[in-house]
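Before I ask anything, here is the structure I am working with.
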Amino acid sequence: GGGGDTATQASQSAAPASSAPAAKGDGTLTLGTLLPQTGSLAFLGPPEFAGVDLALKEINEAGGVLGKPVQKYDTDSGDTTTNIASQSVDKLLAQKADAIIGAASSSVSESVIDKITGAGVVHFSPANTSDKFTTMEDKGLYFRTAPPDKLQGRVLGDLIISDGNDTVGIMAMQDSYGTGLADQVQKTVTDGGAEVVERVDYDPKAADFSADVAKIKAKNPKGIVLIGFEETAKVIQELVKQGMPASKYKWYMVDGNMSNTNYVKMPKGTLKGVKGTYPGAAAPDEFRDKLKGVNPKLEDYTYAPESYDAANLIALAAEAAKSDAGVDIAAKLAEVSKGGTKCKSFKECVDLLKAGTDIDYDGVSGPVEFNEAGDPAVATIGIYQYADDNKYPVKALEYRSGNISG
Amino acid sequence: MADRKAAALNAFKDLARDPGVPKPDPILVVDNVVRRFGGLTAVEVNHVEVQRGSITALIGPNGAGKTTFFNQLTGFDTADSGTWTFNGRPMNGVPAHKVARAGMVRTFQLTKALSRLTVLENMRLGAQQQKGENFWRALIPSFWRDQEEEITQRAEELLVRFKLDAKRDDFAGSLSGGQRKLLEMARALMVGPELVMLDEPMAGVNPALTQSLLGHVKDLREQGMTVLFVEHDMDMVRDISDWVIVMAQGAVIAEGPPSTIMSDERVIDAYLGAHHDAPLSESELEAQLQEAEAALEAEIHETEGTTPAPGSAPEPETAEERQK
Amino acid sequence: MNGAKIAVTTEGGQPVKEVTTNAEGTWDVQVDKPGKYKVTLDVSSLPQNAEVRGGNNVRTPTVYEGNCSTVLYALQAKGAANQQQQEGGESSPFWTQAAQLTFEGLNLGLIIALAALGLSLIYGTTGLTNFAHGELVTLGAILAYAFNIGFGLHLIPAAVIAVIVAGILGYLQDRLFWGQLRRRGTGTIAMMIISIGVALFLRYVFLIFFGGQTEAFAQYTAQPGIEIGPISAAPKNFVAMGIELVVLIVVGFALLRTRTGKAARAVADNPALAASSGINVDRVIRIIWTFGGAIAALAGIMLGLSQNLKYTMGQDILLLIFAGVTLGGLGTAFGALVGSLVVGLFIQVSTLWVPPELKSVGALAVLIIVLLVRPQGILGRRERIG
Amino acid sequence: MSADEAPVQSKAAVTDRSAHLEGAKDAVLRCDELIAGYLPGVNILNGSDLYVKEGELIGIIGPNGAGKSTLLKAMFGLVTIRSGTVLLKGEDITNMKAHSLVARGVGYVPQTNNVFPSLTIEENLEMGAFQVPGKFKERFEFVAELFPALKERRKQRAGSLSGGERQMVAMARALMTEPSVLLLDEPSAGLSPKLQDLVFIQAQQINKAGVTVIMVEQNARRCLQICHRGYVLDQGRNAYTGTGRQLANDPKVIELYLGTLAKA
Amino acid sequence: MDWITIISTTIKAAVGVETVLYAIGAIGLNVHFGYTGLLNFGQAAFMGVAGYGLAVTVTVMGLPFWVGIFVGLVAAVILAILLGIPTLKLRADYLAIVTIAAAEIVRLIFRSVQFKSVFGGSDGQRGFSDGFYALNPYPEGEYGFNLGPVPLLFGHRTMWVLTVGWILIALFSFVVYLLMKSPWGRVLKAIREDEDAVRSLGKSVFSYKMQALVLGGVIGCFGGFIYGLGYASVQPDVFGTETTFYMYTMLILGGAARVLGPVLGSMIFWVLLVLFYNVMTEAVGAGLITFLDTNQVGAMRWILVGLGLILLLIFRPQGILGDKREIAIDARR
């Protein structure tokens, strides 16, 4: 019997499976974080931790959850090359975490999801994009606020078409984030009548990206889509070097590499006119200032909004369930995320909740409305454009939101 | 007791003293073996035979190609060309371990002690056809325990003979230079070969011990083993060998019984030098010293005040010595 | 394109609307329901001399709730497709790409070679398989970064100072650490594992001080490329390659010709005998560590210059470094050069046939194949038996 | 200077400490009660004494594993001395590093692993003259004359040499500096009889030229013939000492260490 | 500071799934390196092909669990033979680099987009462990005991993995013990010291090396199974060179060529890793350490682990169980 079948069937029901041990709440909401302090995604750690920290600060300032301050334990998820995530989960479980926020890497999440959900604890990732989690056996305990590939890919694809690029090259980081997004962009672009003349999936740890760029160059596309994380800086160097600067070609970027700090050392105008998509309805700058308040050294903000929303949602769900047990939180998460009076911060929402109102939390990363599988169903994507100083302004060119599944 | 020796001597009695002379009952026959290293021809042996049941010495100047020749025969190096048969079986191209299994075992001039195995384990390893060397049978000790005991006993006897019994549980890597030589030879004997090829077995071994080991080698011959050995110690060659093969510059240049060979002009010239038949007598020693002193004096006169020990041209000098 | 006729129907074929493009060539259709639609361009409505590229005049976009969906018809002059192909034939893109990749291979290969040279020197003299060498490479880059960004020096003086400091650190490393271990008689295997410990130690010290993000030097970042024949490269690449080549050749010859170089090889062969010959073994090893550290740092700076800086940058190329050293023949300076160039070239050039994500596979496969044919490495020599 | 000038002992005597103290007074190199070994807790040298006077040629013989090589290594700073002292011209050189001893005029030929395999013959010799690079040419000519085979092969890597050729390189390497004290560990092993002769003659000549030589040999009879004084080492202790001639003729020594083969 | 959690997680780490799977891999490595002297730096690949063999058979091909185990085993044997035939003639240090290269090739292929439909790309495969847990004799619940106030409890699934894992460790250790005491093991050790000497004594070095490679690979592949089953998934990057490095570290730390060396080494490694980290996170959380922020704790742990390794090996270069005499013998002859 294939395990895959059962997994798919079981996950159809969002209700917590009866097999999950009914962890009794102890009255204190305990959050655990399982985020990268080390490893290949270590650069994502600071913003993610900061996002959770900021949420927690606001929650506890607003009086905590169930009348008590929320507890939090931070742990390191490392990356898949070491198996330390599992040990971190052991520690969090030993400390009676009710929900665990993490991990950044889909692969790491996959390796610990059984352990976490098996203990009846909510597994909430701010950054997993692998489509596998949609169908995975998770006892209804897995959720994510990760920027949805599908919508972003569609918006970006459409943007590329409407800019009149009839030939497109895609450079995507080779992991579930990169390939997932690239697949979606590729589909939209092709449907829209343009041709994806080359698609390169590159290894983000590679010593050098010249061959990857040379491959794109050989096809000479009008538009070049860069999907990846901060290694995009290296790719950009290479594009400029091989004679495909943004002044001659149209570059497009995504949330993973839309940065206002990474490219500032490049000569003025290197990124001028480059467009990119970034999830979230709000202008990111105000939020970023608040994050700086939590961690002044912060430079990058990738996944900070998602982490912030994750913590807020868990707290609200606990408040709504009047219990801090993982299964109870999971049962309420979808409810607080949609259908009801819209509210934007923990304080605002919790006040509504206490007044008995049904709420709909709209986060920094987007409207966050969970579907059956614990994935966000609605999202807002902003389209931004870089200026001469290699930064993009607060104001998006436009915002698009919509259902993710469509 | 020495009937084998008699047999061997008998076999050699009427042989011509030519290089490559055919033997009545050869165990090893070599034809046209050539090995070149770049421009250097290290071995170029046209024809040579080794008599079964004899002790044959292979001598020759340093760099004559003796070790290289051994390497070709035993499969440790690939000859550029040539054929050789052992017991009538062609052996060229046969890998080293099969050569050893066929009954032709060699030792190494630069010893190869298995450093982090004890001396006793080194010895045990030599034994052939061990049941416990099969993976599956190794898992069940009762299969091989008896054989192991027998091997151990044999090993211990040899160790006593080679004066290594006190070292039996020490790592072979901690042996002294001479002890390694001894272990190397003892281990080869553990194989129980038909032909044992010893590469300078006694270099660095104490003379008193050498003497007692020679007795052992003679015993081996009595047991029917054939011994081919390389050695620079003429006392030893003279004492135990039935037949001597001389190599120089890769080729076999002379063959014959020890007594004849050691008075062969070419061999003396190329190899033995002055003191070929006995250790220097007192008078010879004096003469040698005086000669050296004279040379020294001359040098000092020439180069006024420089201290270095002068290089006297040794060859003419020793040749003169011989004339006396 | 003005006046082209476009018909929009639902997936099932129900007509929704027909429009004509405006002066900018754009058009707009409002649909009420999300779903798949079919958009057809009336080819006859196009000007005489134009056609749709690729010939397909039907698009099937999916429209989602609340979103618009764009379709695109790329037009070209009739017969342009053929012309283009002919043009392409003249300067064959395959060869252009091959030339570019060869250049990139040399570029990468030289950086690896430089890093490999440091490793090879230290391995050669002390027998230490130093898994922390990647971190020494990173160290160089981070030092240069510190002087460059932290103290605001221009990159060139910053790099010079970084190399000198790295050399001093290399010296101290041996003086205070590896040398002491050697004195205690620590075996090479234990040292190898200790080097893993050192690698972890250094790598995470970097993480603490440098952070997990990717950084760039203040100068020469994203330097625009210039075209030279089929190759486009940034000027900094040429300068870097020149420096690398000079350093490699100078050090290689120094090892072969100078007294200290020979002494280093003697120490590699047999330290006790070297001491017996009057060589101050510790001193030679310290010199080698100084140079090894400095050269590794230079490699790091070059890598940071051509790529960017990250705390794992050295670790990420460590395998390639080892591959280069081994391929060339362990412990030989020019072997490291040749081996690394082969590795670099194969990584890049193999992407002509294999997908770039698997480019290391090509290089590693070559490594395996070469070693099968020449087990002692390209420039290595076999030892004699017996 | 000849063998007769060495302190006269009536017969080869079982080591006598007072005789040692007496003799060692104006020695160039002396070891007193050396205790040394490789593994913790296992002593290989158990208090051996040795002295050598200016211009003397000393032979050390003994069974395999007696500790002869260890004694030389200990004097030369290659094995740690656990107790006891080594004095060179009155200076305490106990556990001093080998290269400093070379600077003080001590030369050493090890018994095994005595060449640099990946260096060419010429480079091996160059290493021999490491501390006096200026003299390389001159000394090279000298050793090349001794061992003409080496000159022909100067570009060959020592690792590919035959056993005897290596031995030549080893010997030649030590002769590249002009040491005032030379320690030789089985210099004749593996050499053809002709070259063995050469080595012994050379040792004597060098000695004549004023170099103090300590020589370990398994070619024991030969060694005792040329040396002024000899030591018989057994189990890390001096078993017998005396002039070369005394030792060579002592029946006990013959029985235990020399054998009768060579006499025949 | 939550000492109870620190103590309980540390003790649990000493016997946990990670310890088990690394220990098994390291036992295989001990056969390769410790006894035979094969510098195999591709042990992770053996674990990888086994894990993926199981995963792909069950999830992609839909075959039963036991078939998956069989396929994994066969894959490991085939890898050993493929790797062995060309490379066993190489000198040790060259072998090291070839095996690293081969392991990287295997990992990159598992990871590639090209083969995503089979191996699942960078996220790997999951959903193949049900067959294993169906055999679980432990009814649902927690197992273990309380050591005073310190709970040492494992869930029933973990308990099952641990039971199987430790039985395997005991089994493999016993097999290694038997083999290495036997003449077969003696040949391996001799090969480690000097191949040519062994050849001259009539043993087929190649055949023994191959046997050792296969045996160590097969043992190691069970580490891959334990990984796949313990985490109910496989990811390509787990089977990278890092994993092999850590296994070497454990092996040397515990004592190479000692039967229990790898097991002890693995326990020490994980205990260090967990203890350092948990003490530090607690100390940071409790405000006892102020010079580090949350993001730096993870790094600090590795710094300490690195230091720990260095110190352990400085003071016991032969490893905890190793023999000092063996180290004193210079391996460079």
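Per-chain residue numbering starts at 1, and chain names A, B, C, D and E are given in the order in which the chains are listed.
Assume a residue touches a chain if its C-beta (ideal position, glycine included) is under 8 Å from a C-beta of that chain, and two chains touch if they have at least 3 such contacts.
From a predicted model like this one, the values you see are computed outputs, not experimental measurements.
Following the contact convention of this document, E is the list of chains adjacent to both chain A and chain C. Taking the mean Cα position of each chain as its centre, A sits at the greatest distance from chain D.
The chain pair with more C-beta contacts between its two chains, of C-D and B-E, is B-E.
One simple way to say how far apart two chains are is to compare their mean CA positions; for chain B and chain C this gives 56 Å. Chain B and chain D, compared by their mean Cα positions, are separated by 26 Å.
Each chain gets a centre from the mean of its Cα atoms; for chain A and chain E, those two points are 33 Å apart.
Per-chain CA centroids place chain A at a distance of 76 Å from chain D. Counting partners per residue, chain E has 108, 111-113, 196, 295-296, 299, 301-302, 325, 328, 330-331, 333 as the residues that reach two or more other chains. Of all residues in chain B, those touching 2 or more other chains are 67-68, 76, 108-110, 174, listed in ascending order. Residue numbers of chain C whose C-beta contacts span two or more other chains: 204, 207, 212, 355, 357, 360, 385-386. Counting only pairs that meet the touch rule, the chains in contact are A-C, A-E, B-C, B-D, B-E, C-D, C-E, D-E.
Here chain C touches chain E in the complex through residues 127, 129, 131, 181, 184-190, 192-194, 196-205, 207-208, 212, 319, 322-323, 326-327, 330, 355, 357-358, 360-361, 364-365, 367-368, 371-372, 375-377, 385-386, going by the rule given at the top. Residues 259, 262-263, 265-266, 268-270, 272-281, 331, 381, 383-384 of chain C touch chain D in their complex.
Touching chain A in their complex are the following residues of chain C: 34, 53-54, 59-62, 64-74, 93, 96-97, 100-101, 104, 107-108, 112, 204, 207, 211-214, 216-218, 221-225, 227, 232-234, 237, 303, 306-308, 311-312, 316-317, 320, 347-348, 351, 355-357, 359-360.
Looking at the complex, you find that chain E touches chain D at residues 324-325, 328, 333.
Residues 67-68, 70-71, 76-77, 108-110, 199 of chain B are the ones that touch chain C when the two sit in their complex.
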